[in-house]
Structures are given as C-alpha cells and as structure tokens.
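Per-chain residue numbering starts at 1, and chain names A, B, C and D are given in the order in which the chains are listed.
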Amino acid sequence: MTQPFDDAELGALLDRIVAAVLPTLGQGKVADYIPALAAVDPNKLGIAVTTVDGRQFVAGDARETFSIQSISKVFTLTMALELVGDDLWQRVGREPSGTPFNSLVQLEYERGIPRNPLINAGALVVTDAIVAATASNPPIKAILDFIRVRAANPGVRIDGEVAQSEKAWGYRNSALANLMKAFGNMKSPVNEVLDTYFSQCSIVMSCADLSRAILYLANGGTDPLSGEKIISEQGARRINAIMLTCGHYDASGDFAFRVGVPAKSGVGGGIVAVVPGRMGIAVWSPALSPQGNSVAGTRALEQFTAATGYSIFE
Amino acid sequence: MTQPFDDAELGALLDRIVAAVLPTLGQGKVADYIPALAAVDPNKLGIAVTTVDGRQFVAGDARETFSIQSISKVFTLTMALELVGDDLWQRVGREPSGTPFNSLVQLEYERGIPRNPLINAGALVVTDAIVAATASNPPIKAILDFIRVRAANPGVRIDGEVAQSEKAWGYRNSALANLMKAFGNMKSPVNEVLDTYFSQCSIVMSCADLSRAILYLANGGTDPLSGEKIISEQGARRINAIMLTCGHYDASGDFAFRVGVPAKSGVGGGIVAVVPGRMGIAVWSPALSPQGNSVAGTRALEQFTAATGYSIFE
Amino acid sequence: MTQPFDDAELGALLDRIVAAVLPTLGQGKVADYIPALAAVDPNKLGIAVTTVDGRQFVAGDARETFSIQSISKVFTLTMALELVGDDLWQRVGREPSGTPFNSLVQLEYERGIPRNPLINAGALVVTDAIVAATASNPPIKAILDFIRVRAANPGVRIDGEVAQSEKAWGYRNSALANLMKAFGNMKSPVNEVLDTYFSQCSIVMSCADLSRAILYLANGGTDPLSGEKIISEQGARRINAIMLTCGHYDASGDFAFRVGVPAKSGVGGGIVAVVPGRMGIAVWSPALSPQGNSVAGTRALEQFTAATGYSIFE
Amino acid sequence: MTQPFDDAELGALLDRIVAAVLPTLGQGKVADYIPALAAVDPNKLGIAVTTVDGRQFVAGDARETFSIQSISKVFTLTMALELVGDDLWQRVGREPSGTPFNSLVQLEYERGIPRNPLINAGALVVTDAIVAATASNPPIKAILDFIRVRAANPGVRIDGEVAQSEKAWGYRNSALANLMKAFGNMKSPVNEVLDTYFSQCSIVMSCADLSRAILYLANGGTDPLSGEKIISEQGARRINAIMLTCGHYDASGDFAFRVGVPAKSGVGGGIVAVVPGRMGIAVWSPALSPQGNSVAGTRALEQFTAATGYSIFE
C-alpha cells in the first residue's frame, strides 16, 4: 500500500492540482442550450475542500459562483427522503439508467417510474414530492433555505435570468413531466413542479459553498460543524451509494472507475463529491464532456483521489 | 458515528447472521434453466470471511461447493487486464447496463460493444481476450489454474455435467457471441469462446475458497498471504468500482444502496464481496431474486455491513 | 375467381352484415381515458357506404354521430399536403411505426421526426403545419370547414365537452408535442397546436357523413359529386397507401391482412375506409381492441370485403 | 381519371423504362457482406413481366440470373402456409417491423416472435416450419423444386459459392436463430435451419423466371398457366398484403407510397412485384439503398405503375 496522505497538505495539493489541470483546459464544450449558460467563460477552474473537522481549503476560482444545475438534485433528494421517507422509492428507482440523462425511452418502458432520483425525470418526481408536501409555502423557498443553511451562507440565491431561460427552453423537461403525469406519477400540477425545478437548477453557489453544504453526507448524515442531524446514517450512506452509481448520467461507471468517490455533476460545470468520514469537495470548470460532465473538474478529482488515496475502492 | 466493530467478533457475527437469515429462507427461486442447477437444495446457506491478515471465519454451509457461475467473471477480468491491458476497454465498456443481464438490445444499439465486463456479453469478450492470448494452451486450464492458486486450493474443479448442460442450453449466449462476431468484436471462433465460457461458469468452489480467492482485491491487487502481485493497485480499485456499479446486473444500484460494498453474484446463488483494506467475503444460498441474485445471500451481506459498519459509503 | 359482386345489392349486404355482427358485440372495451368517451353505449353499430356515382346505403346506427378522433388525421393530412406540399415529408415519415400508437420511444430515437402522419406525434406535426399556414384565421375553423364541405353537411360540429376533456387529460400528447418542440420540429406554440389538435379530434359526425366525406380518396383526389379537385391523383394514391400501411396503429398489418383496403380508425370506435375507384365506407362501434381499433367495425369491414371481393390485394 | 393503359404496349413500355433508368445508374451500393455478391456488376438492369394470360415481356438484362436472396421468403411463406396453415401465425406476426431488417431488438422485446415473415427472423421461423414438416427429405430440395415448378424452369439452381459465403459470414442470422431457439420458437436444430435458409437465399434466377414464378399471387393463388392451385384465394390476398406492408424492410411504407403494388426485394438487387388480376413483374439492378432495396429497380417500378396506372391505391 501507498504511504497515507497527510491532510495538512491539502492546501498545497489543491494548488498543485489547479496548476496541473489549468494547461489542459480547452477540451469539452460549455452548455449552450440557454444563453445564460453559454456565456460562461470556459477557462474557469476552481476547487474547494471542507473537512469534517471544519477546515476549508480553496484554489483557483473556488470563490466564484456558478449555476449548480443538477447538483441541486442531491439536496432535494435529502429533503424529500426526510419529508416522505421510503415511500419515495415507490415512485422512483435507484438503478443506474444506462441511457443518456434526458431519455424518455426508459421512462416509457418502465411506465413513468424513473430509474433513479439523479436523472432529470427522477429529480422531477423528487421535486414533486417536495411541492406536494410543502403546499402552504412556496416550495422553492424551502429548497433555497435548506441549501443556504447547509452552506452556512444566506447569500446563496437564484439567478433569475437563468431560471427564465430554463423555463423558456425547457421543452424536454416538460415532455418528461407530462409523460409522468400521464402515467400518474406526478401529483402536483405539471407547471408548478417545472417552475420549482427550473428555479432549483438556477441556484448559484461557489465551490467553497458547495464543499461546505455537502458536508453532512461525509459525516453520517449529521452536519459536523453545526451538529444538526440532517438525515439518518443509513440515509446518508444510501444517498452516497446513489451518487456513486448514478451521479454522472451514463458516465457514472467511468467516474467510479477513474475517481472512486460518490459525486454529482451539473451542466453548469460543477461537481460535488464526498469522501466518507473525511470531507466534502467541490470543483468547477464549465466545459463539458459529451455526457454532460465537467472535463477539467473530473480530471482534478481524479488527481485528487490518486494523490490522497481517498478512493472508496481501496 | 457508531462504535467501531471489533473484528475479533467476526466468527460470532457470522453465526448470528446465519441464525437470523435461516428462518427467512424460502423466498426466491433456484435457477432452473439447466437440470444440474435446478436440483440444488434451496435451503443451503453459507458465509465465509478471510481477512487480509490471514484469519478465516465460516458459518453454515460455507465449506460446501457450488457452481460459481458469473462470479468467475471477476477472475477472468483480472486475467484479461493483465494479458491485454487497457486495450480491453476498446472492446467493452464500464457502465452499468440498465437492462436485464442477458439483453441483446443494448448490444445491438451499441454495435457489439457490451456495456461492461460483468454482463454476459462483456464476459464473453473478456474470455475471448484470454482465448486469443493463450492460444498454445487450453485457455480453460489457465483460468482454472489461476483460480486454484487464488483459492490456495488445488481441488477447485469444473463440474462436467453442469458444463455440458450449459453448452446444450446456451442458445442465448450463442446469440450474444454470434452478434458480437457479426460486429467484429469476437476474435476467436465463436464455439471455442463459448466452450471456455461455459466451462469457467461451471467451476465449483466453497464460500471458504471464494473468500480466500478474492482477497487480492481487498489488498490493492496483491495477495496478502502469498505476497504475489496479481494486478496493480489501480487495477484492483477499478475492478472493485466495476463490481460496485455492475456486479448485480440491473439490481446493482439496489445492492450498493442496501449493502454498500463491491460484490459479484452468480446464478448458482453465490456472491463474492470485498471490504477494501480488510477482507474478502463469500455467501451462498441458491434461491434467486427475479434479477438473478441470491435473496438470502444479499440479506446476509446487508446484515454484515450493517453490523460492522463496513459499507464503503460511510 | 369468385363471381363479381353486383353493387346494386349493397343495401342488402349492409343489412346482412349488421345482422351478423350485432350478436357478437361485447368484445373489446370502450375508450375510457376521458369521461365523455367512456359514457358511450358499447352496443352501437353502424355502417354506411357512399359510391362515387352518388348512391348512399346505410345500416344500423349509421346516422348517429360520434367522436371521430384520429379519423380527423386523414383530413388534416390532406389539407397540410395542399398547404405545404412535399416539404411536409421533411418533418414526418411515411413508414409504419411498429410500436404502440402513442410511443415516445421511436420519436426520441429518430430525433423528433415521427414515423408517419397517422400516429399522434405525426398528426401533431401535420396540425402544426396547418396552424403555421393559417395564422390569420383560427386554424380549427379551417379544419372544420374543410370537413363540413367534404361531408356536404354544415351541421358537422365540435363536441366542446370532449374537447375540454381531451385538453384536461392530454398529458401524453403534451409530452409528444414538447419533445418535438425540443427537437425543433414544432413551429407554432405548443399549446396552440395542442388546442387545435384536441378540437379536431372532438369533431362529431355520423357514418353517413364520413362515407361521403372520404369520397375524394376513392376518386383520384377529386370529389366525384361536386367535381371539386381536393388533391392530385398522386396525392390521393399516397394518402391511401399511408392509410393502408399505417392507419390502424400497430395493428395496421393485421388489418391489411384481414380486410385489405386503405382505412383509418379512431378511438371513438369509427373507421373510415376507401375502395379505390368505387366508394367510401364508414363503420362505427365503440368497443376497441387492445390496439385501439373498433372490434366490431373491423369485423364488419372484413365481412364487407369478403362478400364483395373489393380487397385491393386481388 | 387518366386514360386506361393498353397492355399491348407492355413491351415498348419496358424498353422505355430501361432507357430512362439506365442513365441514372450509379446511385446506391452493391451488397458487399460476402465476396460473391460484392463482385456483381452494378450496371445491370433488367425488367420482365408475365401476364396472367401467358404473355411475357422483357427488357435489359432480364434473362441474366442473379441471387434472389430475400425474394425466396415469399415462396417459403407460401409453402409453410400450405404445410402448417394458420398455426404459423402463432410463431410469427404480420405487422411491419418499423426497424432495420436484421434487428434483434424487437425480437427480444417480443420474446422470440418475429414481427412478420419477410424480415430475416420471421423467414427463419418459416424455414424452420418447412424443415420440421419435411423431415424425410432434404428441405432445401423441396424449396428448390417448388420454385422450379413455379418458374417453369428446371434450370433454376443454387449458387454453391454464395451459399458457402452466406454460411461463413452468417453470424447475425445465427444470432437471430439462437435467440429464437432460446425463446422456444425454433423447432429444428439451429444449424439445420440456417443451412437451409442460406441455401434458399443463394438460389439464382432471372427476371423472366421470377415474373413467371410469382404469377400465382396475381391470380388468386392459382397458377393461371398450369391451372395448379398453389394456395387459397384468401391466402394469396394475405401474402400480397404482407408484401405490401412488409416487403421492403423499413422502407416498406415508402415503397407503397411511391410504387403502390405488393412486392418483395432482395439484397441481390432483385424485386418481385404483383399486379393483382394482371401480372407478375420482376426487376433487377444490384446497387442498393441504405435500407437494402434496389435503387434503380424501385425507380423502374415507380415508372411502371405511373405509366400504367396499376397502383392498387387508385
């Protein structure tokens, strides 16, 4: 076995990783399905780590905010599991999808039950569960509040321009939601669920924020800094398992193979990752692989687990 | 966090698990596609652990031999990676399949490239790679020798009756192999690959054998008892990642969610699992879920990781 | 060969067919996805023939009106071909779909291009073409006027209750339209196309009306009674070919096999058929096969072509 | 309506068609999956007509022989229907496939029941039915004899070189047959069915032969020249219906749209067609469309029905 990594060197490691990955920027393609995302500078690269004992390390553009997009699905999944418990699994599976992230094919073959909560269809079911359970309150406010507290940053906000664009161009998500409605797997009005979903995807945060916000999943479901229990130990393990198997659309297997930690990507170029028992990590670089995952972000995480030995597979 | 588990109690734990799971036998259905498997007693239950420091614990029917079936795919994958290196990944992917284990659909859409090496199509490619690289020698002999040494048991053998039955009823695997041949992804003659594959699936071993044989994957690729390096650290991590994401056909996500360790099942009712850094585990109980995985074996492993906290997700 | 049928006996034949089929009513199931259709009496049975020389024969409930549903697709296809010509075939194919009538699977694989204009997705494209070309006018008025003139009956109307129900429960059609919009194959606003489509499906007519309205397709594109040219000879032939290969969803082959004339069914229980050079036919009986086609209506048509020898295949 | 065509002009018409189509040769691609087919001169073009009253007209290379390939499926379907009757439809459907001609996808979803008897999988079932019913005799001899008598040409023969090549490269058909065997829809040994199938595809005939051989389908199932009843009137109608809806793989709808008569193509570049009540037609030109149908042959037939008005849709 290799020599154990001394985490006092985390700051220096992040600097080295940014320095090593920066020259390789230029691969991949920034998401361009809406103008607000297409305008993002592809040369951004940030990485942040927050440890369960409260230290934070950052490098590159780790304090710039970006659109978290599908990373929001991890937080809404946590909320929905707390709101409705295991009943959620009647409405959404937990198997890798094996098909591109926005596919309707599988959804139709499986009669409106999405494969897992981290593909778009499954995340719409999760958001519907939150909408249905928070009727007295704008559900998006509950989601935003949850993420602000997790990030310990009341400045986390929704980018209204992105949210409007998402809505204006959200035909495919509308198709997914309508199809599930047709199969009886959408309880609230389709438009209300879509509006909430587009807003949650439009939340902007920094790597520093995200690495702090995800910390409860590195610590058995309890925020190690505030002491607040967010979800059960078993619940945290299960969300980590789902991130590992389903967190990168149909490149999830490749990410597990190369990086080896639970993580979730978003088309804004962010990835949030968890080293169980140790730390939350967030990276950001906007240019995406064909599967929709940050190219440089994945490479940075690959170097991180190679250098630290923090893969869960050894 | 829960109290750390003291592994001196492993023997007592295995006994408790067998005692707890035995009364629940009776769910699931023994594989019946060939007579030799259909005749197996569904009430068998065994579990064995071998630790990286060389201790072995067994309970129930852990010393009875059974047909390892698809568990053999982990050993052939190890061999093929050593024989041809990363070129193997030109011929087989490493993504979960998202469809039943013997599906031709995906294989056709993806033009003869199987999704991963642990589904039947992918395992046929892996066996073809071994056949092509061991031309001077019966390839099945090389496979059997590899497993015997891993298990430190020269008595490991092929059940000829099972092998004959597999061959006589192997129309679907023949369809898979011919389809890949049509796409140019089968180098050796179809019948030679099928014969080798049916023979490797017909190897019989005990839980004790298997928990010993898999130990190199719990120890960074090196057999901790013999000191022999079987595969690189990175290679071991990667095989563990593939087992985690793809080891239980289209119930792989559910297994990760419930159990949380890399593992591979076979339709003979066996499951082999790895706790990285600690131990190899094998369970056996012949009755299968609709997805083809041992019902009681999965339950035993679920209790094991719950009791020990050895899930890789926490 | 059999003795040629003397069409002076058409009236008597229709009576015999109704008498023969009436006792077999009771198979199939009335469409129940909206209350207005579910309430229809399943014991209705009507048949009407209008010949190219202007004679009309009716039997059973041939003068009662019913919801024409997908039969409207033949009339809108005719209109769209006149409005945009062969450009329409850039947006919709003319191959049988081979999958259930409302499947999104094929639409996604073929990137938003529906297989043919007689499945729902294709009919939505056709309606979109009409909406886009009749911007100055409510497009549904143009469609209704076209059908009124074809039927020579200004009393043909839209059932507002059915139209409202279709809209309230039209999630799957909304999914189809949104998916095509996502692929760039929907020019007008999704809701405007859906409203028009739901209204055209809610038109109510009798068998007598329909057998008259379809007459232009039995006469090379020209209404034989008014002399008005509706579409070119080639256009009429082509619509007949599409009805033959695609007119009964994924039971089109079976209908061709059993009946052997171009025809289009609707989930209201109607079927309109064409004997080229001779006559238009319409039948109505509300109980449907699993594929969505009138059970008794198909049987009546089967008896009709068997008795007359009017199959196009001999 | 257009002026009726005087069939005394058939000879002159065929000459004009060959003259008009010859300059357009050069599109499409000769089948190259086996050397024997790849070597065929792409510039061949022949057309032949045999009328139900016994006249024969030929133009171009109509007397040269070529590999009939899938055209043989029409003759084996006729034989199988006579041998086993409607029971055949328990084992094969009669719906268009909607997918490429050699797809395993649909076969797997529909559990080993091919969509129709004119795609490869369905034709293998048909051949299996013949093999099972002619056990005392080499089944390929029965098939060859049937075709020789239909063509009134004892010189019709099997090209042994093509048959050997088909067998050596027939992995995909082997995959289809093995998959159906796995589903229980293949009664005879897989290899015996494949050998027979590859041989029937390797029969060589001329356009003149084929237009004569298919004549019974233009005459209600009875050979009009010999008076022999080959199949019932209903049976002939049904085979014509299946040719119309399924005879050109997933371009069947397009062929019906453009040409409008029942027909079956083969990858050797031949097409056989039927004008019910009038004549059999055969064309040959080896270069194929991406769907596997003769480009120039289709064009020649399109001109033929346009000039004669013999489309069944008007």
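Please note the rule applied: contacts are C-beta pairs under 8 Å (C-beta built on N, C-alpha and C of every residue); 3 or more make two chains touch, one makes a residue touch a chain.
Here the structure is a predicted model, which means the values were calculated and not measured.
J.: Of all chains present, which has the mean Cα position farthest from that of subunit B?
T.: C
J.: Quick one: report the Å distance separating subunit B from subunit D, using the average Cα coordinate of each chain.
T.: 48
J.: Give, as an integer number of Å, the spacing between the C-alpha centres of subunit D and subunit A.
T.: Taking the mean C-alpha position of each chain, the two centres sit 55 Å apart.
J.: Mind checking the centre-to-centre distance between subunit C and subunit D? Centres are C-alpha means, answer in whole Å.
T.: Distance between chain centres, rounded to whole Å: 32 Å.
J.: Would you give the residues of subunit D that are in contact with at least 2 other chains, written as numbers and ranges?
T.: none
J.: By the document's touch rule, what are all the touching chain pairs in this structure?
T.: Touch list across chains, by label: A-B, A-C, B-D, C-D.
J.: Which of the residues in subunit B end up touching subunit D in this complex?
T.: Contacts found on subunit B: 103-105, 108-109, 171-172, 174-176, 178-179, 181-182, 190.
J.: So in the complex, which bits of subunit D are touching subunit C?
T.: 1-2, 93-99, 106, 115-116, 220, 233, 236-238, 240-242, 244-246, 250-254, 256-257, 260, 262, 276-277, 311-314
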